[in-house]
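Which chain is which? They are A, B, C, D, E and F, in the order written, and residues in each are numbered from 1.
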Amino acid sequence: MLDRYDNNSVSLAATDLFCERDDRVLFESLSFAIGNGDLLQLAGPNGAGKTTLLRLLAGLNRDYDGELLWHDEPLDDVFSEYAARRLYLGHSAAIKRALTPIENLRWLVSPWAEQANISDDELWQALEQVELGGYEETPCNQLSAGQQRRVGLARLDVVPAPLWILDEPFTALDVYGVEWLEQRIQRHVERNGAVVITSHHALQNIPSLQRLDLGLLAASPSRSDAVSDAEEGAS
Amino acid sequence: MSLVAATIKRDLLLAARNPGEWLNPLMFFLMVVALFPLAVDPDPKFLARIAGGVIWVAALLATLLSLDALYKSDVEDGTLEQWLASGESLYLLALAKALVHWLCSGLPLTLMAPVLGVMMALPQDAYWAMILSLLVGTPVLSLLGSVGAALTAGVRSGGLLLSLLILPMYVPVLIFAASAVYHAGIGMDYNGQIGFLGAMLALAACLTPFAAAAALKLNLSR
Amino acid sequence: MEFNSFSEFLAMGRHGFYVWLSYGLAALVIAVNVILPMLQRRRLIREQAQRVRRQQRPNKTAAGNASASESAAPEAATVKSRP
Amino acid sequence: MWQKLVRLYHRLGSPKWFYEITSGWIFWLTLVSVIGCVAGLVMGLLFAPADYQQGDSFRIIYIHVPAAIVAQSAFMMMAVSGAVYLVWKMKMAAWVARAVAPLGASFCLIALFTGAIWGKPTWGTWWVWDARLTSMLLLLFLYFGVMALQRAIESEEASHKAGAILSLVGVVNIPIIKYSVEWWNTLHQPATLKLTEKPSMAPEMLWPLLIMIVTTYVFFALMVILRTRNEILWHERKRGWVQELPEMLGGKR
Amino acid sequence: MSLVAATIKRDLLLAARNPGEWLNPLMFFLMVVALFPLAVDPDPKFLARIAGGVIWVAALLATLLSLDALYKSDVEDGTLEQWLASGESLYLLALAKALVHWLCSGLPLTLMAPVLGVMMALPQDAYWAMILSLLVGTPVLSLLGSVGAALTAGVRSGGLLLSLLILPMYVPVLIFAASAVYHAGIGMDYNGQIGFLGAMLALAACLTPFAAAAALKLNLSR
Amino acid sequence: MLDRYDNNSVSLAATDLFCERDDRVLFESLSFAIGNGDLLQLAGPNGAGKTTLLRLLAGLNRDYDGELLWHDEPLDDVFSEYAARRLYLGHSAAIKRALTPIENLRWLVSPWAEQANISDDELWQALEQVELGGYEETPCNQLSAGQQRRVGLARLDVVPAPLWILDEPFTALDVYGVEWLEQRIQRHVERNGAVVITSHHALQNIPSLQRLDLGLLAASPSRSDAVSDAEEGAS
């Protein structure tokens, strides 16, 4: 699988991003760049705008000011090319509950199926990897919350995209699942991939982590107490 | 396999796994037609006069109701998000979804219609007109309806709203189709009406997917 | 015996078409009702046998699967066979 | 006596017992159905005299009436087993109810088909909105409703319960529907075309009919048993006793 | 304030915040009735004959469609779970929900009906019969329908399924009501029919909440 | 608020519980008791049956063998009494998205409104507590994922129930939210309340924590690797 990442350089740059919702500014003059081997965690309290920013980066929301560049070209101009190079995993996992994990996975990887020639065997193995071995033929409506999330995560193993954009991927995973996913992210970064992630979970075992803090702190005054509380608690 | 093909395949698989998806509109069609003799008058002569209109109104309502689910689950479970994220053309998606919808609603309705014709004492001469008009008209209903379905996919009780948006647009189809059946019943020519329906189909197939694609994008800025 | 010949029997005094059509349709519906449960039963038994075999002989997936030996995985239901 | 009933109840509740005991019944029920069917049809088609008004088309009666009667009884049976399931949580009852629904719908369809076909030579039309016909059509809809509901609900148990509730509501409604339809029809349209009232039939006509009715009940029972056995195999597939059944072990590729 | 009262209040608040909830059935009602002159025959004499039946069929369909949303969101967002957790009587809840549903669908329909009567050239004498039959009949529709809504609340595309379950049960109401309007139109007495509708209402008010309550519990064992 | 807990003794006992789903046994011969001052965390991997057990305890699911006793009487017999003494907070929070937080909260506390005389002021304060001050009049569909969860959590402050049953209450909360909730739980236990909770989150700052592990471990052999991996990782 490693060779798939060759020639797949990542270069996503945000310049002077500005976004407001309902007349409240979520972030402004935000600039950063993501390249191969980067791991960026968007952090911040509830309602800070993490999901919003992530969807901007994924190209799903064009409701912003500022610039988003993929290899120095505006994202919208090269969107289909960009789309083939990045994997977006949102809050909802696009799982059809009447279908089995393997049928769901087949659809999920279909945008890459032509270019990467993904075989069914690979899909079965990927399901095995996320510990759904034995559940391949069970309709997803009979799986628990965490098991359903895993179906979506199985994609990480087969899709040849160098840039991953993940929104709260640790939701509903148990400790083993969290550990597996952390390792998977770590490996991806080591292999020169790039990852942007939002998570309230502290990514512990990953050295190259960078954090981007989005703050609501100014907006809600009662918040400042909470911060100092938290710091006291931590110290 | 491209995403479009995969989506068609998956949707047909879903319909096969859950036969209610295409059986329910069929049953609804039958029941609505059966309501009229009960509510109005079971006299065959009288029924013959309203048969074409009633069958078409029922077909229209059945299509309308089945449209509600067209995009709803896709929006809710994130399928649509993945579509947009894939950068694939939404035009094709909208067309593919309308096609699958027609296969699961319009086509079975058309095949079922002769039985209803018998029950409603439809004049002998009108059968072909009815089948033809349904065959050409129901795809238009699916295509037009898919725009409404896309617009209301993110709305909670979208079913009714959808009806409100789409029913007015269905009126031309209804008028031409019902008139074709009626004219056939009294032994007149109905090529003109079918021709009109055909033209509408061509137009709808070209244009509505654009509108549906645009509407789908709206659902994402939630 | 009401009928004198076989062709008379078939004709049913002008009503042959209706009589045989209704008997035919009824036979069809009944045949479907007989055959469906039998097919179903065959399939259930076949799948059960598969399950038993799978449990006895693990490694149903690709041979090159490096990750740990996968054996009696928690039994999974196949949707297809639901009566 | 009471003890025996209680024991019977517990046995009926046991899928294993049911499966094993009915293994022996299938042959005999099949035999009775085939013999009854052959006897009834031979008598009805060959020996019964033609009707003086309808001629030979009346011979449709030998499938039409049994089917119509069984279709109605089947709904009762479905509702009763649904109630048993709701009250005593007896799983077997739910499986029986699930087995009955498609069968009842099939017989209902047969009655409608044959009635419609019969109508053409006698009334000159396939269909009229007569009270009996209409209420039979509504019965078919009720069956379809129950089946659709059972299949639409994902969770096993919930689907059984939902089916049971719906068939109970339906069973309360059937008399109301039937009554209102009869009232409606006789009011709107004077009975020009009415099903013949129970005729004082000649015994040569009546006997085959009675035989066919009994046979149809037997056949219905057989089908319910076959379907219930399938339900048992499916639901109990992970139980030891099912896995050790000879047919399971000897299953072909 | 008890949970039942709080629920009635909240549901009315929701209807006020989201007027579509009660406006949409109304619009749908109007549109379905308007389709008939287009599909069948705009001749007033002819329309007068079918008016009562068509208006009632349309009212029935409009009610049916609005029923779909009755319990659906409550099941999805956990409201129902909280109800069960509270230990309060589900019978009362079911009754309260049916009441709110009637206030938001049956009542507006009844008030709207005279307008449609004018459009359909309903005979002068039949107006009171129509209003009375709607006033007594639509609550029966809401009550019976709430059982179906409770049964299908957890099902994905429940709208059509609900119609399948409930339409056959609506037939008696339809027959008596349409016949009341028809008889009034030809100057005959219609007390009998209204009496029957009243009896059905009493029966439905007593029995259906039990069935609905039982059905609601099912949605939890998902 | 403290006095509300007086005379509210908690005694919930489970004896020999057994539950299976789809013919797979989730747990069997499970016995435990919960009394005042107890804090029980149900732990276990995805699909272990935590949610299932929690719903049994809340009286929402009667599909089990064994006994559940509230003050030595079967739960079903004293259900309405039990319901008034325990607060259940499920996966879905019973929030109507068209209503504002305060309207939602009013409905949520209505079962207790008569017995406890909850004033509107208290509700406003509770919303303040969960940092929704300023959002009380914003319809919930304009709140972020975590903010919506907080509306449900605001109930903890006003409802006078000694026993709390919480399913994944930390979902979507940011670090401040998590800290606040941990403190709130801690305080409740200290004041002689009782809490049963499922969470993949490690409850760190709460001393009196007891854990009940539900395991899928036997069912899936590939799982055992995961366990040892995790242990290696930890050591």
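Keep this in mind: contacts are C-beta pairs under 8 Å (C-beta built on N, C-alpha and C of every residue); 3 or more make two chains touch, one makes a residue touch a chain.
Remember, it's a predicted structure, so these values are computed and weren't measured experimentally.
*Asks:* Regarding the chain B and chain E pair, does the interface count as same (over half of residue numbers shared) or different (under half shared)?
*Replies:* same
*Asks:* More C-beta contacts across B-D or across E-F?
*Replies:* Ranking B-D and E-F by C-beta contacts puts E-F first.
*Asks:* Between chain A and chain F, two copies of one chain sequence, what rotation angle (nearest 5 degrees) aligns their Cα atoms?
*Replies:* For the C-alpha superposition of chain A onto chain F, the angle is 180 degrees.
*Asks:* Suppose chain centres are the mean of their C-alpha atoms. Which chain sits farthest from chain D?
*Replies:* So the chain farthest away from chain D turns out to be A.
*Asks:* Roughly how many whole angstrom separate the Cα centroids of chain E and chain F?
*Replies:* The computed centroid separation for chain E versus chain F comes out at 38 Å.
*Asks:* Rounded to the nearest whole Å, what is the centre-to-centre distance of chain D and chain E, using the mean of the C-alpha atoms as each centre?
*Replies:* Whole-Å distance between the two chain centres: 32.
*Asks:* Give, as an integer number of Å, the spacing between the C-alpha centres of chain E and chain A.
*Replies:* About 46 Å separates the centre of chain A from that of chain E.
*Asks:* From the mean C-alpha coordinate of chain A to that of chain D, what's the distance rounded to whole Å?
*Replies:* So the centroids are 56 Å from each other.
*Asks:* Among the residues of chain F, which ones contact at least 2 other chains?
*Replies:* Within chain F, the residues that touch at least two other chains are 22-23, 63, 91, 220, 222.
*Asks:* Show the residues in chain D shared as contacts by 2 or more other chains, in ascending order.
*Replies:* In chain D, 141, 144, 148, 152, 154, 157, 181, 184, 188, 237-238 touch at least two other chains.
*Asks:* Which residues of chain C are in contact with two or more other chains?
*Replies:* 67, 70, 73-75, 77, 79
*Asks:* So in the complex, the part of chain F that touches chain E is made up of which residues?
*Replies:* 55, 58-61, 63, 79-84, 88, 90-99, 103, 106-108, 110-111, 113-114, 139
*Asks:* Show which residues of chain A lie in contact with chain F when the two form their complex.
*Replies:* Contact set of chain A toward chain F: 21-22, 44-48, 51, 91, 128, 131, 133-134, 142-147, 150, 168, 171-180, 200, 205, 220, 222-223, 226-227, 229-230, 233.
*Asks:* Flag every residue of chain E that touches chain B in the complex, lowest number first.
*Replies:* It is residues 20-21, 24-25, 27-28, 31-32, 35-36, 38-41, 49-50, 52-54, 56-57, 60-61, 65-66, 68-69, 73, 156-157, 159-161, 163-164, 167-168, 171, 174-175, 178 of chain E that touch chain B.
*Asks:* In their shared complex, at which residues does chain E touch chain D?
*Replies:* 147, 151-152, 154-156, 158, 161, 164-165, 167-169, 171-172, 175-176, 179, 196, 200, 207-208, 211, 214-215, 218-219, 221-222
*Asks:* In their shared complex, at which residues does chain B touch chain D?
*Replies:* Chain B reaches chain D through residues 18-20, 23-24, 27, 30-31, 34, 37-38, 41-44, 47, 118-119, 121.
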